[in-house]
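Next come two complexes, and both contain chain A; in the first it sits with chain B, in the second with chain C.
What follows is the complex of A and B.
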């Protein structure tokens, strides 16, 4: 932004609204800025890291990201296409069943499949005995990557499925019918019309998949793939070198930034010709018997791997370890998780609403600018944000000796807001842009007080968006692990920390009970979200 | 009505959590890496005997130490409890522990299992042993940790990642015993002998041996106890296919590690905290650790667990365990250089 603009902004657009919004935006950004500042601190182990493990981290991270991205896209787009545009038996069931894997956090999925690699043992032994050790070892590495990618993709593809499905439904009517009437067959329509048109949606979903992959710690640790995120933990905690860890974190953020830029470019180019036209239900392609069977089989695979098998195994384990329920005081875990997630989702939505509204209503560029900083948290792994918070509270503790910040519920909630602010901000921002822009212009020129406009006009108009945003934040908060793990107060355990605690003390079977609770609690709003999306689009 | 009441209680409780950091009499705050039933039983017993309540935060030791650093003088922690001597040493170096001197504790804890300056004390012992496939390996083929780097074990060893603290501590003890150059050569040798790239926890290494993927594995005794007593038959079968070997019996002894505790530097309940450590090191508590959690007592010969007894007695490395912490970051770096993942 140019200096002149800033001056104008300060002179004409600063009022209590924008001032508070800018302040809040910056406060939300604070923990992340702590990480950036650390970049310039010297780290004694950095030369060692660069020489030995850096390239391994980089390569593994890239392989995992590309693999998971590709597989998730493949599954997500295929399912979205057949659900949105085809008619076949059981379609109604798959429509929501295919979303359910999203209820399973990646670390829980990894625990549910903790022994999946044992399946490859007989093959590996055969190869060792009949070919040689080296062949077996390469095959083993292949299996490790393959299964990790499989486990991650099977719970992450719904991001792409959901967004691509919405896009296909939106275009459906005019374009697909036009294509058909022009004599193109269904394959051509998919490749030449539907897929290119859905590209922004697919990329948006893909970027979520990628961020989740990069954020994952539990699964890669379990399967033994050293990535940036596990490298951060190893350097920070294993070598006791926080600034080295933060340098790794900075490289990870750089990688994310590059990916986001690519995504943004892909999206902005395509947005140009997106059609928001009529959303009438359109004639679906009716699949033949043979094709229906194939489609049903293909749709079953992600549902089976991503949901049914893990839930089935966890239930089985929960059954044989019922006695644990007494020891882990399940009720208080559920209460804590719910309390935390509800508090975080409400606060995040309220703050996001305030920030978006202040920026849009007063057309304050400075506020929009600081908003962009506030939403960075979603692309930063939870562990990195936790490090930022620890640094921040250490500094505050030094100045005001009486305040103790770490280990209070307040700081944990703040950390969550930093991490998930974008989740609420994105839908509210686009919702307000779409629905409230003109009416806000009008009310501003009529001199109606902003607070009145916000409560009487904006909130009712984007009520559904607000509900969706709070559900999304709620779901993410329920599944969150590293932040809570590092920052939780005394005697405060949630379902996710209990799952991790039990499994890290080698009691994967026992950890099934809190894990199942997370899945069940998250599945409910997830299904309601699906219904909402459907109503809106059909 | 009841629902409302409950809700209010909950709100009240969360409010209390928000404001409470002021010390209330007769309670101690514990930062612990351990999450075992044995601990829970012992905590309850301690509270019953003394009336001192125990508040717990569980987390990985490293994160807890970071947290104590950032809390500084305001830290509510009274005791830090970890599962590795290396981390206790790190806590000492980070300045979050304080030195104490209790005759009872000094009597209860052998000198090599506590900090020379009194900053931390061992509570339980685990040995890092070699397990081997009963049907393929004869115990007289095994001898020392050093031997694992020789070519005869090519493609036969299962061992977990170097990110794991137990491996780092084993490496630290090897650096101390043989010097860093030989330790690095050892790490390279073992890496070349691995049946597969490292992954999973100690139990997964035993599983690999049972499945025939590897012939020997390096694991902690504690994990063998978990396998032997697992609720899943599959796990118990795995355990039954292997035997335990204590390496280095003819020289310095098998590498051991401790779970241990130290008093927080800014503890506001120091005398109660000392009482607690005295209690945990008492012979009676030591027996509970062994029976419920398959850990050796501080005086290994007093071991009363039938499972641990069945593996026979062994000679433990008498090196002071603070060395595991002093050599830790060197160990990590050597692992990196050896390309041991």
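What follows is the complex of A and C.
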């Protein structure tokens, strides 16, 4: 920013609204910045960690991320294309059924497939007996990666499916028709026109998949793949080494920063292709009988593996372990989970509304700038944010000894807000940009105080967006595990921590009950969002 | 003085939007800010209303400083009101709620009721903005802006999106309303007809610079340069030596000498019976276009190529040799 702009900002655009918004934005960003600073802080145990586990964490994390990203893209784009552009029996069903795996947290999926590795046993035994032990071991580690990637992708692909589908639908058929009239067949058109145009959307979905993969703790722990996130847990909770865990978290942040930069570059180059289509709805390609059967079969695979089989297995286990319900006081778990998620979603939406409104209404560049920092939390794994919060509350405790923040519900809610702020911010930001821009200028020109404008004009105009945003935050909060695991107050358990605790005590069958509860509570708003035609992409 | 701008400048990144804009409006003036798209006129309007901040310069509104080096009064606190190009009516409120939403509008109830009647909005008060026509929305936006009884009314392209038929009607309505409320008004338009018919003062903007200011008729007949001359309608720019009798001239960079602007209707074809026959210039018609109420011919003489407007009935054809003189 040039000096005159800074002057304009400070002199003319800073008022109580923007000041508060900037302050809140920075506070939300604080935990992340705490971790980032650790990159430059010395740590005693770091040289040792670097020598022993760092490269393993790095390689495992990268392999998992790339594998899950590729597989999810493959599934997501295929499903999006056939649902958006083809006509075949059962299409209406798959349209929403393919979203359902989003209701299943990665760790729950992992528990549902807890014994999936056994599938590879016959092959491994054969290799051991016919080749040698070494070959079996390397084949075994291949299978571990393979199945973990399979399990993660089966519940993460909907992110890409949703965004790519919306993009295909938006393209309209003018360009497709142009391609057909130029003598290309539909396959060539997909590769040469439709897919390149959908690239920004696919990248956006892919980045969500990658963030979720990096965030995962339960699944990688279960399958025994040491990644950065599980390394943070091991170093902090296992060995009590805070500085080492912080250092790991800082390097994970660095990795994410690199990914974000790559994504930004890939997207900005692709932006030219966006939105050039007409708004006419896509003329669907009617599939022949044979092709319909193949398509239905292919669409069934992600739905079966991502939703039906896990839910079926969990239900079965839940049925045989009914009596456990009394031991785990299910009701209080549901109550805690609902309370936490509802509180977080309401607070996050209110704060996001305040920040977006302050930036847009007063056209404050400085507020927009700090908003950008506040939304970084969504790219940062829960474990990293948790470390930042621990450090932050330790620092506060040093100054104000009386306040014990660590392990309080307040700090847990704050951590959730940091992590999911972007989930609420993005739809509200684009909703306000679309619906309220000139209207806000009009109210200013009519001399109306900002608070009236907010309550009487902005909120009614983006009511639906606000509801969508709060549902999205609610869904994410319900599924969240690593943050809650590290920061939960003593004796405070949610459905997700109970699922994790039970399964890590080798009570996988019993853990099905809280896991099923999560799925059921999440699936309802998920379906309702899809019915309204609203989803994460907006 | 109602509004006074001094040396207003604005840049976005490296692009200059406005440079050293200065002009004034007296109380009761209706000022048209004219320029093609990209000339910076809407930005200027937003700066005056306080929605944008200028990089430098001062603005005085109703004898009160609203912009200077250390001051930029927020739009809420300025004694002016802006009517937006797309009207920006609140879609969630009825017409009546829209009109009475302005701060302190209740105090002006009498004026507002009068305006509602005058603008024929009585039957629309319970409707929502999407339920009324474009012309009606325009009137609602205008009444809403006037509801806070501003000292200065700003209008952004008030007629740009209307089709030609409606445009005439709304223009007449606007003129009537302006006459009634007598509020000082500043409007932005790219349409020269708006300026000619509605404004008593015109400021011509080009690439962020003021090219000329004055009354519409003055600018029409005495443009200061080629751009302004052409903006105000079809014209022929010829070297002043060809029109020795013309008293208004300007230096034209393209011809690199003094030039005059001769409108197509100012050129007359002369017949052998005419007294001017001897001094007339020889020419040949090289093209002809029929516009309905007139026809336009391009005549080429030894040194000039001129557009001339003739009555539609006149029988002429391409290739005809004619004589003409410039009636100045």
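The rule is simple: the second predicted complex is superposed on the first by the 501 of 538 C-alpha atoms of A that agree within 3 Å, B and C clash if a C-alpha of one lies under 4 Å from a C-alpha of the other, contacts with A are read in each partner's own complex, and residues count from 1 in each chain.
Simple rule for what comes next: a residue touches a chain if its C-beta (ideal position, glycine included) is under 8 Å from a C-beta of that chain, and two chains touch if they have at least 3 such contacts.
If you're wondering where the values come from, they're calculated on a predicted model, not measured in any experiment.
Following the overlay on chain A, a side-by-side fit with no clash is recorded for the pair chain B and chain C. Residue contacts after overlaying the shared chain place A:443 against chain C, while chain B stays out of touching range.
In the overlay built on the shared chain, the residue A:363 is in contact with chain C alone; chain B does not reach it.
Set side by side, chain B and chain C differ in how many residues of chain A they touch, and the one touching more is B.
Of the two partner chains, neither chain B nor chain C is touched by A:347. Using the contact criterion defined above for the overlaid structures, shared-chain residue A:334 touches neither chain B nor chain C, since it reaches no partner. Of the two partner chains, neither chain B nor chain C is touched by A:250. Touch criterion met: A:460 reaches chain C, while chain B stays clear of it. The minimum CA-CA separation between chain B and chain C in the overlaid arrangement is 33 Å, rounded to the whole angstrom.
Under the contact criterion defined above, no residue of chain A touches both chain B in one complex and chain C in the other. Of all residues in chain A, those touching chain B in their complex are 45, 48-49, 52-53, 56, 114-115, 117-118, 121, 124-125, 128, 133, 136-137, 140-141, 144, 221-226, 230, 233-234, 236-242, 320-321, 327, 335, 339, 387, 390-391, 393-394, 397-398, 401-404, 406-410, 485-493, 497, 501-502, 504-507, 509. Across the complex, chain C meets chain A through its residues 46, 49-53, 55, 70, 72, 74-77, 80-82, 84, 86, 88-93, 101-105, 144-145, 147-148, 154.
Interface residues of chain B facing chain A in the complex, by the touch rule stated above, are 10, 14, 17-18, 21, 29, 34-37, 40, 55-60, 62-63, 66-67, 69-76, 90, 94, 154-155, 160-161, 163, 165, 168, 196-203, 207-208, 211-213, 223, 226, 230-232, 328-329, 332-333, 336-337, 339, 341. Interface of chain A with chain C (complex): residues 4, 8, 11-13, 15, 363, 438-439, 441-450, 456-457, 460-461.
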